[in-house]
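The first chain written gets the first letter, and so on, giving A, B, C and D; residue counts start at 1 in each chain.
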Amino acid sequence: MIAELGQFLLILAFLVALLQSGLIFLGLRTGDTAVFGFARAGAIAQFVLVGAAFACLTWLFAVSDFSVLVVADNSHSEKPFIYKLTGVWGNHEGSMLLWCLMLTGYTGVLAWTANGIAPRLITLTFAVQSMITAAFTAFLLFTSNPFARLWPAPADGNDLNPLLQDPGLASHPPMLYAGYVGFSITFSFAVAALIEGRADARWARIVRPWALAAWTFLTIGILLGASWAYFELGWGGWWAWDPVENASLMPWLAGTAFIHSLRVMEKRDTLKAWTILLALMAFPLSLVGTFLVRSVIITSVHAFAVYPERGVFILAILAVVVGGALALYGWRANCLKPTGVFSEISRESSLVVNNLVLAAACALVFFGTFYPLFVTTVSDETLTIGAPFYNATFNPLVGTLLILVPISGMLAWKRAKPGPLLRQLAPAAIAMLAAGIIAFALADHDRLAGAMGTALAVWIAVGLLIDLKSRLKLFDIPLAASLARARNLPLGIWGMIVAHFGVGILVLAITGVSAWKTESRSFMQPGDSLTMGQYEIVLEGVSRVDRDNFIAEEGLFHVYYGERDLGSLAAERRFYPVRGMSTTESAVQGSALRDVYITIGEPVATRGWPVHVYIYPLAFWLWVGGAIISLGGALSIADRGRRSLLSRKPAAEQVQVAE
Amino acid sequence: MIWILIALIASLTLVLLVAPFLRRTQEKRADGLGAFASQLEELNRDRAMEMISADEARTAEAEIKRRWLNASDQGDVENEETISRSFRTIGVTVCAAAVMAAVVIYLQIGNAHLIGAQPPQMAEVPEDVQGVLNELEALSASLIENPQNPEGWYVLGQAYMAMGRYGEAAIAFNNVIDQVEPTAGLFSSLGRAYVFMENGILGPPAREAFIRALELDPADVMARFFLAEARLQDGDEARAIQEWQALMESLPEGSEARVMVETRLEILETENR
Amino acid sequence: MTRFQTFIISLIAALVITMPVLAAPGPDETLEDPQLEARAMELYGQLRCVVCQSQAIGYSDAPLAGDMRFVVRERLLAGDSDAEVLDYMQDRYGDYVLMMPPLQANTIFLWALPFLLLLVGGAIAFAYVRRQSAQMETAFSAEEDAQIEALMREEGRE
Amino acid sequence: MRLLAFLPLALFAAMAIYFAMGLREDPSVLPSQLVDEALPDFDLPPIEGYQLGLSDDDLHGEVSLVNYFGSWCPPCLIEHPMLMQISRSGVVPIYGIDWKDEPGAGARWLERHGNPYVRIGDDQSGRLAIEFGLTGAPETFVVDREGRVRYRHIGIITEEDWEETLRPLVLDLQSQ
């Protein structure tokens, strides 16, 4: 019953989306104003229908209705309830439905909040969104139907991949999707602007919160993914430059460039064609991220051979979305005439450099991911492009760009005077040099990389503090007055400073984790100890633990630092009988300065358990830095929330008061 | 019941979509020009906080005002109320048609006839399902203790197959094969367990099992059926069809196996269409 | 939905994730000399495990990856330089065994790409900034001034 | 400037064509370095229960196939009947290398399924496999009279592979 209802809801959503994308264009042509109301009604209808379909699927998972194919394939009656629910998106069909839910969700929220936006622009945006929704609901219905039935039904299901039975991973895809899909809104706005042949500060202001929201979600999603890799996979790292990770990085880089150039467009009415181009690229890169890399081309050619219709469908969507948008761009981009001008030394120029480098970095990751396929296509050669390549190219490229972080925010718009700025930043430069020299002297390996990373992080942090000090006139005026200035400082500025500060912290953490890590490995029997510098790790015992749906072998460790007792921790190796898979749970004893990270392997007769111990200095700050960056994004969104586009009247009044 | 709900959902959606076409006047619409006012406001605040010099502020103000002016020139056309009869008629008609089309598509891909039906397999399971499950658990536990029990493993394998726990079924069948002189049927069951486990993909273990089954009994239906499927997955469709047809002709009219092969060929045909 | 389709349709999990591996190399693969060991660890990260697609042998517990690590240690003990070890593997397995593609005819584009982009993009951007910064903004005419005044008053009344 | 706006579209079109081509390629197929190179020097002991081992000298003077296998490897079992058939046909001698097998396991496996090999070397450590650039089992190398590798076949040899690729190549090499 519920399955059939969900099926119908999904079909109806598809048809509403299809109908809307056609009717809106017709309506705009005839000029009938009813089309504006219709566009909003349709957007809300799509959201409600897909939302209800998603609720149906969730219900089916909750009650373990194995007459539904995806439930039978991906759930099990004895699985913990919470993982039954997260199992909804732990498979291809369900995750696609989640994707569609997010897509229509964004459209629905846009419909809800669209009051201040020029009607033609917003209506065109809905038309483009509906086209995307129609394409993806069609993909769902005709190639990956989540409500397909399994008849006769099996008595029990096939379980969910045990790797997905983890709270971090359960929240990782929705966050990532919220980011990916968020760029559909900016994409649709960009297409609408091109059709209108006009984009100005109004457009940028409308789009900015959406761009920031998508970017913030994507940041959090990538962060959750990295922490999942760090804590669950047990290979002792958080970023491996594998295609799946690269796929999420590409839209993030494009999105980062976009939110920066959007600022220029809003403030100065220039770089318009470029900003629109970035908006057009971020969403397709997200699509590449979810589909090409994860399921169709790179990971598994086999999968493509078994489901050619899915691959062809997705490629067709991509070709139409990107090809259509870029053709429109070629045709209309010249209508976007910039009006603002700026000199070579100005905030605009520094953001141009920012965009240039980020675009190059994005292209670098793109080609790094797809170049092997390209080489195989044109010749018989095969290549591998792995972490060492990115370390040698991406890191210096982006590292150099980050030098600009504190400078950029302090440069004046339009035309800046470099002299006073350099004098202001002198303390930061001195701090940077000092930090680099100290790091170089103290480290016992990877000295140069460590020193450069530390110097960069200190430069960013101190530079930002100087920026903040000058904005608040801290110590130049009474403290109370500075605090008042802090309150009056727009949240957008706070967001920028906070996010950039997070970047500094992240740089420091990455430096610590990659340049100064140490590791040791050894066979251990209960009672054995392992010494790493000042640390002593004792294996106290190994025990077998039977849980609901897995069996674990748990190694109990005790960590000492010199004389100090740092407490005990447990590393596990889990076996999931139903899927016949094993996974690892690393044990992490964290502190602000370093993580002690332990994994335990399969025992070897007579020699004991293989134990790997890593010491990761500053690993904790990876998550803090990432969280601060996301917080910066959230603050900037809140800026727009406070002075909503609706509140035109008070704004006008204030202007008059000022006069 | 389902049809009532479908009718309800369909009509509610229709009402929501059609409502804007029936309304005569539209709500007051914005032109978004407030953005410029609020930019001026920001500018004044920056000036008040001495974030920018008076000179910069002056030129910035001039620029914002010019953009405001340009934007307001372009925006005038939009606020006029226009009504197009034909568009409204088309709109209402197309909306209604779309909702009807949803019902039609549902009839095509939905399974309304399954509502309320008992899944056939459920009926075969005795009422006390839990009891059976417990028995199986006990059986598997005792087999782990005393693995030399081919009959026990075989029963367990069959049960796991029925329950959809294919990985465990494969383990059980492997144990039987290790303990008795294997037969084609055993290998063929093992092969099916592997195929089902891989969701229909014929990996090396499944292929091996079916090949062994054929070695023992060249006429084994399941092995021949799935090895033909393997051909198809290797991309040799012509050969697969040929093998299926040969298999089909060797089977008695109307038998379950023959129907299975026929269905498979039909599916292939529809996929190719 | 036929019986056959039901099991033929299946999942490509949209979330295919690299399989978890226990951190390789194993404890019994340590070289006595800490300096050699550090070089070995570095080299493990530079060589691709040929059976596990894009994963370095340092992070794979596939048996073949273990054999390859063994060869790395053997070459190091024989006194090879890092470059010689990489050459040794490249001779046997080809370019793809290197995690960092060598600079050669078919990778020149890949390596040159970032520089090329920065160069071309930088040139375009620089030319653009120069050209547009040369034109100074014109003054605000009195007529325009009056128009904007009117517009703002209208906004305020609303 | 006008044309510049079409640049992204042109780049995308080029990329789309490349993807369309790329779809037909399997990036997991790896090329071989050994083709047209001399065999590595080696001298493998026999597997348990057999007298004759295998060294590169054994492969000089006659066109031959060298087949890497293992009793633990299911695809090898699938390939086995084909190897038996080739061996019976007498077209070309097949030399076997037993890869990373437990002592005795290879011999038992051959006893059960038949022995198509003229001589078998035991590569228990897997060290020689790396010299061959092996990426898995089974893999088969076609070696010419001078002991040079002329072709490498990855994976199972099907009847089609034999008839359409390997056999013509072997006959061609033999006639030279």
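Just so we're on the same page, a residue touches a chain if its C-beta (ideal position, glycine included) is under 8 Å from a C-beta of that chain, and two chains touch if they have at least 3 such contacts.
Please read all numbers here as calculations on a predicted model, not as lab measurements.
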Result of counting contacting C-beta pairs for C-D and A-C, higher pair: A-C
Relative to chain A, chain with the most remote C-alpha centre: D
Whole-Å gap separating chain A and chain C, where each centre is the average of the chain's CA atoms: 17
Computed distance of Cα centres, chain C from chain B, in Å: 32
Geometric centre distance via CA averages, chain D-chain B, whole Å: 39
Residues of chain A touching at least two other chains: 73, 149, 151, 306, 372, 381-382, 648, 652, 655
Where chain B touches two or more other chains, by residue: 33-34, 37, 59, 63, 66, 111, 199, 201
Shared interface positions of chain D, touching two or more other chains: 28, 30-31
Complex contact set, residues of chain B against chain A: 1-2, 5-6, 9-10, 13, 16-17, 19-21, 23, 26-27, 29-42, 44-45, 48-49, 51-52, 56, 59-60, 63-64, 66-67, 70-71, 74-75, 78, 81-84, 86-88, 90-91, 94-95, 98-99, 101-103, 105-106, 109-112, 114-116, 119-122, 125, 129, 162-168, 199, 201, 233, 235
Chain C partner contacts - residues on chain D that touch it in the complex: 28, 30-34, 100, 125-127, 129-136
Chain C contact footprint on chain A (complex, rising order): 69-70, 73-74, 90-93, 95-96, 148-151, 161, 163-164, 173, 232-237, 240, 242-244, 270, 290, 294-295, 299-300, 303, 306-307, 310, 338, 341-344, 348-349, 352-353, 356-357, 359-361, 363-364, 367-368, 371-372, 375, 379, 381-389, 392-393, 397, 445, 521-523, 573, 582-584, 599, 601-602, 607, 610-612, 648-649, 652-653, 655-656
Residue numbers on chain D that touch chain A, as the complex places them: 1-2, 5-6, 8-9, 12-13, 16, 18-23, 25-31
Partner chain D, residues of chain C touching it in the complex: 50-51, 53, 63-64, 67-68, 70-71, 90-94, 96
